[in-house]
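There are two complexes below, and they share chain A, which is joined by chain B in the first and by chain C in the second.
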Partner chain A sequence: MIRIALKMLFGDRAKYVMLISGITFATLLMAQGMSLFCGLMTWTFSTLRNVSAPVWVADPMVEQVGDNLPLRDTDTDRVRSVEGVAWAVPLYQGNLQARLADGTSKLVTLVGLDAATLIGAPADLLAGRIDDLRMPNTVILDEYGVERFSAGRERPIGVGDVFEINDREARIVAICRVHRSFTGGPYVFTTYDRATQYAPNVRKMLSYVLASPRDGVSAEVLARRITGETGLRAFTESELMWSTIWWYIRNTGIPINVGTIVIIGFIIGAAISGQTFYSFVLENTRHFAALRAMGASSGELSAMLLVQALVVGFIGFGVGLGAVAFLGTNLLRLGRVPFLMLWQVPAIVAGAVMLIVMISAALGINRIARLEPAIVFR
Partner chain B sequence: MSNLFRRFSFYLALAGLLFAGRLVIQLAAEPPPSPPPHPPAVNPYARAIAAAGLVEAQGENIALGVPAPGVVTGVLVSAWESVKAGQPLLLLDDRELRAQLVSQRAAVDVAEATLERLRGQLARLEQVTDERAIPREEVATRRSDVRVAEAQLAAARAGVEQTELLLDRLVVRAPVDATVLQVNTRPGEYAAPGAANPPLLLGDLTKLQVRADVDEQIAPRVRPGMRATGYLKGASERPIELEFVRIEPFVVPKKSLTGGSAERVDTRVLQIIYRFPPLEEGSVYVGQQIDLYLED
Partner chain C sequence: MANHGIRVSGVDKSFGRGEARTTVLKHTDFGAETGRLTMLVGPSGCGKTTLLSIIAGTLQADGGEIEVLGQRLDRMGANAVARFRARHLGFIFQQFNLIPTLTALENVSVPLLIQKVDYRVAEQKARDALAWVGIADHADFRPAKMSGGQQQRVAIARALVHDPPVILCDEPTSSLDSENGRMVMGLLRRAAERPDRVVLVVTHDNRTYGFADRMAEMEDGRIHRVLETQQEIQRHHPVGV
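Let's turn to the complex of A and B:
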């Protein structure tokens, strides 16, 4: 029975390609849209990924990692005084203009790390040494910054080269690889004390206090305790990540735009494949009627249709997902393109494809169920 | 034919799935969080109050002042030099007083000569025994002239002495036994009383102490005699047990390290003094920052 169903499906190659391409197209649109969304969302909390710490303490009004509502310097010691804190260090984060030797200025995200420990320093260094950050007027630039700052230069900017932030010299001692930021500014790492000198002088400079729990204390428990005792707002890394993501979902049009792409993908996929499948069923009505005349029950005919629909769904989904993966790999190679395919993306798309396939099959089954064997003679 | 096509599409789909699966795994692989480049100082107590401290000499650092404004003509000590109480440290320009001294010394000579002359005259008059030859008043007047001249000589000598004392004042001396921590002036520079940057900084380095700032919001938890462990900046692997000295009775505005003129005070801090145990030479310096944990 199933062999007959498959034969019927592969019999008409044009129709088969049409069926597959509907699903492929739907998969492509949905998976690409979702991967773009996930990629964009990971950009929003790049600082969090680049500067890793179990607990982040900020002003009570901070909702996302890019917020800059500074604390007072002594708040580091207040956090250290909370029971269960193993260590706590200050962190500066701000967007500043960097001025290059040729006079152009570029936006950068300046991150100031605790000078004594350099906690949060990028782990993946392409050149230079992290400890050179202890020398005066030194910074670490990210790979993306090298690309942006090198425009118009004879050779790319590198270790030992100099640019300016707020009229102060910034000498590059290392090049790192980090996740790029949502605002598009390259990351520049330096020490906390130096960052406060680079940044325009305001009363308070401390963006975050990074803390770590003692052995045996979970980050969640510690975050709640810090919030309770100091009146500041403490996040665990994942809490701050989700807080940031939700902030962007609430406050930007990204989810609506991407959601539209995904829904359009679903509708187009459903429409094309539903229609094609239905016309495929119509075209093969005679065969089904013949089978019915030979004594096949409705259930068996439905099973045939279901198998046909599932095969179409599987092949279409596989080809579509492969195309997205191919596209994504090449986009990522280009850089600067948000693309992240989490396992949830194929799972959700598979669910949607399944739905499309089932709807199509249901339409066909509905047609076949009312089939009279006599139709074969018409 | 149909079979071949079927196979091809099936394998294409399978390849697509595998490729996507590989990409998903590849993208999901986050590098594990890297350990801090340098281990941070970990709170050694179960419950503790953290404070930021600054190392200073015992009995605080002495920002030496000059008694009068003037150009520095000599710096007699250098950093790290141990000085005894009363040892000259700085010389200020004293030419004006010296010039004054020249004329004042001359005035002493004049007064001496005048006195000598008057005394001689008086002596000669007194040698005359005949009272009729010299009137009584004459002798009395001469005597009083001698006394006036004596007083004038004393005044001239006092003037010289005063100028000499004033000259001595322009030699700035060490008030106590101490070590020179910083020399901020060079010969030729101008020094004035009350300048923000003292010309010399002295301190008693035989014992060092820490001035720890505790945020006023956690200050109520502070008790006298709390045990404390300090970690110098950048030396988190070397805890230093500190000895409680006292709590300063006055809560002061927090000194910010930026030192900008537009700074506004937003916190006041309770200061606690801790003493260092005997340490090996050169392991701690005055002015270093130190993170303290006070056992709660």
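Let's turn to the complex of A and C:
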């Protein structure tokens, strides 16, 4: 009977294509929306990913990694004095304008690292040497910065080229590959002291103190200990990441926008598939009635409809997810759109597609359950 | 005493409610024996198809007894009736009711697949059935590629493939020209030659009356006359084939 069900489904090509299209479109919208959301969320804590440290110590009012509520320079030493700290270094983070040779300005995210250790320096260098960052007026620019700063130039900007931040020279000594920032500005890495010179002078400049626990002390324990002893707010990397994500969820319209896309995807998928499947069942009512007259039970007919709906759901989901993966891969290659398909995305979309399929099948099964096989004699 | 493959006694059936209620069968008695082709004839709206549906177990009577092959269908549950139909009844419909996306071979296999017969066995039996109705060479054709006569032959093969002792036909020739109608009735006549088989044909196509062994005439929800021989049929319906 399953074979008959599949033949009935595949034989009605127009309906079959329509059903697949409905599920594919729904999958596409939902998976794309969720992957963009996940990608966008990863952009919100790019600094965390680019400057990795077990413990991040900040002002008590800081809620997310982009908050700029500076600490006093002496706070670094206060953190160092906490029992269980292996090392603690200062970190500057701020958004500044970089001025190029042609006079144009670009927003950049400036990161100032501890000059002695260069803890948090980018690991993936495409050109240049990290140690050259210790030379005067030097910076490391990310590859996105190269792309943005090179617009209108005869050759791409590179190692040895110069631009200005706050009227001070910034000479590129290395090009790195890092994660994109939420603000859209390229990352510029330099030393902490130099960053405080580039940035407009204010009384407090220290954005974070990065710290690491000694062996035998967990990052969580150390963070609680720093918070308790200094009155500052210490996060583990994971805590700051989630705090940042929740801040964006609570304080921006991103979840509503993405949620709307996902809900629309679900509704469109359910409407197209439900409607098409129901009309498929209606058109085949006489044949289902004939099968029933020939002795097929309601359970067998329901199983046939369920198989048809599941097959459509499975194929539509596969095609839709494949399209999203293809689209996402190419968007990632362009590097301009946030896209991250976590394993949870296909799992959630599969659940939603399953729900659509079940709704569609239920409509058909309800129709078949009320079917009078005697209609075949009319 | 005649062996009643089908026995219907005191069956009532009405449709609708209140003032719109229409009584179609009025305490109807009817019987069809094995080894004979019985025709149930009468004008449109007299209740032939309703009676056939009740005998087939696809429609429930309001009252009365329905016995097919010694089994009381009116006492069975819906699933038991469905199982009974699958094993013992073969159907030929006016509108063929072949599934358009299946080939002739697959359509004929359906009753066996409903009985969970292995697909290969079902396919072989379906080929044999198609050969029996003379269209083995159309096994891979879909209904849309076949003429009405060929489609009805496929439907007959489908009705016979699981070797049922009861074959119920609803106006099997009304969609066909006279040549195809004769051919279809010839096949049904052959099918009825088996001594343990009941073939019941509901029709108002008087061109086919010559194929009947026995005829029950229905009018206004009741069987008003039964003609027990072909001679009697010829006498009362001289227009027959």
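Miscellaneous remarks
Going forward, the second predicted complex is superposed on the first by the 378 of 378 C-alpha atoms of A that agree within 3 Å, B and C clash if a C-alpha of one lies under 4 Å from a C-alpha of the other, contacts with A are read in each partner's own complex, and residues count from 1 in each chain.
Following the convention adopted for this analysis, a residue touches a chain if its C-beta (ideal position, glycine included) is under 8 Å from a C-beta of that chain, and two chains touch if they have at least 3 such contacts.
As the structure is a prediction and not an experimental result, all values here were calculated from the model.
In the superposed pair of complexes, A:K7 makes contact with chain B and with chain C alike. Once the two complexes are overlaid on the shared chain, A:G318 sits against chain B while remaining clear of chain C. By the document's definition of touching, of the two partners only chain B reaches A:M341; chain C does not.
Of the two partners chain B and chain C, it is B that touches the larger number of chain A residues.
Of the two partner chains, neither chain B nor chain C is touched by A:V178.
By the touch criterion defined above, A:E372 reaches chain C but does not reach chain B. Once the two complexes are overlaid on chain A, the chain A residues touched by chain B in the first and by chain C in the second are 7, 10-11.
Chain A makes touch with chain C in their complex at residues 1, 3-4, 7-8, 10-12, 284, 286-287, 289-298, 300, 372-374, 376-378. The touching residues of chain A, when paired with chain B in their complex, are 6-7, 10-11, 13, 16, 20, 49, 52, 72-81, 83, 85-89, 114-121, 123-124, 130-131, 193, 196-197, 201, 203-204, 212, 214, 314-326, 328-329, 340-343, 345-346. Note for the complex: chain C touches chain A at residues 49, 52-53, 56, 58-59, 78-79, 82-87, 89, 91, 93-95, 97, 99-102, 106, 110-111, 113-115, 119, 170.
Residues 2-3, 5-6, 9-10, 12-17, 19-24, 27-28, 30-31, 33-34, 36-43, 46-52, 213-215, 217-218, 221, 233-234, 236, 254, 256-258, 260, 262-264, 266-267, 269, 291, 293, 296 of chain B are the ones that touch chain A when the two sit in their complex.
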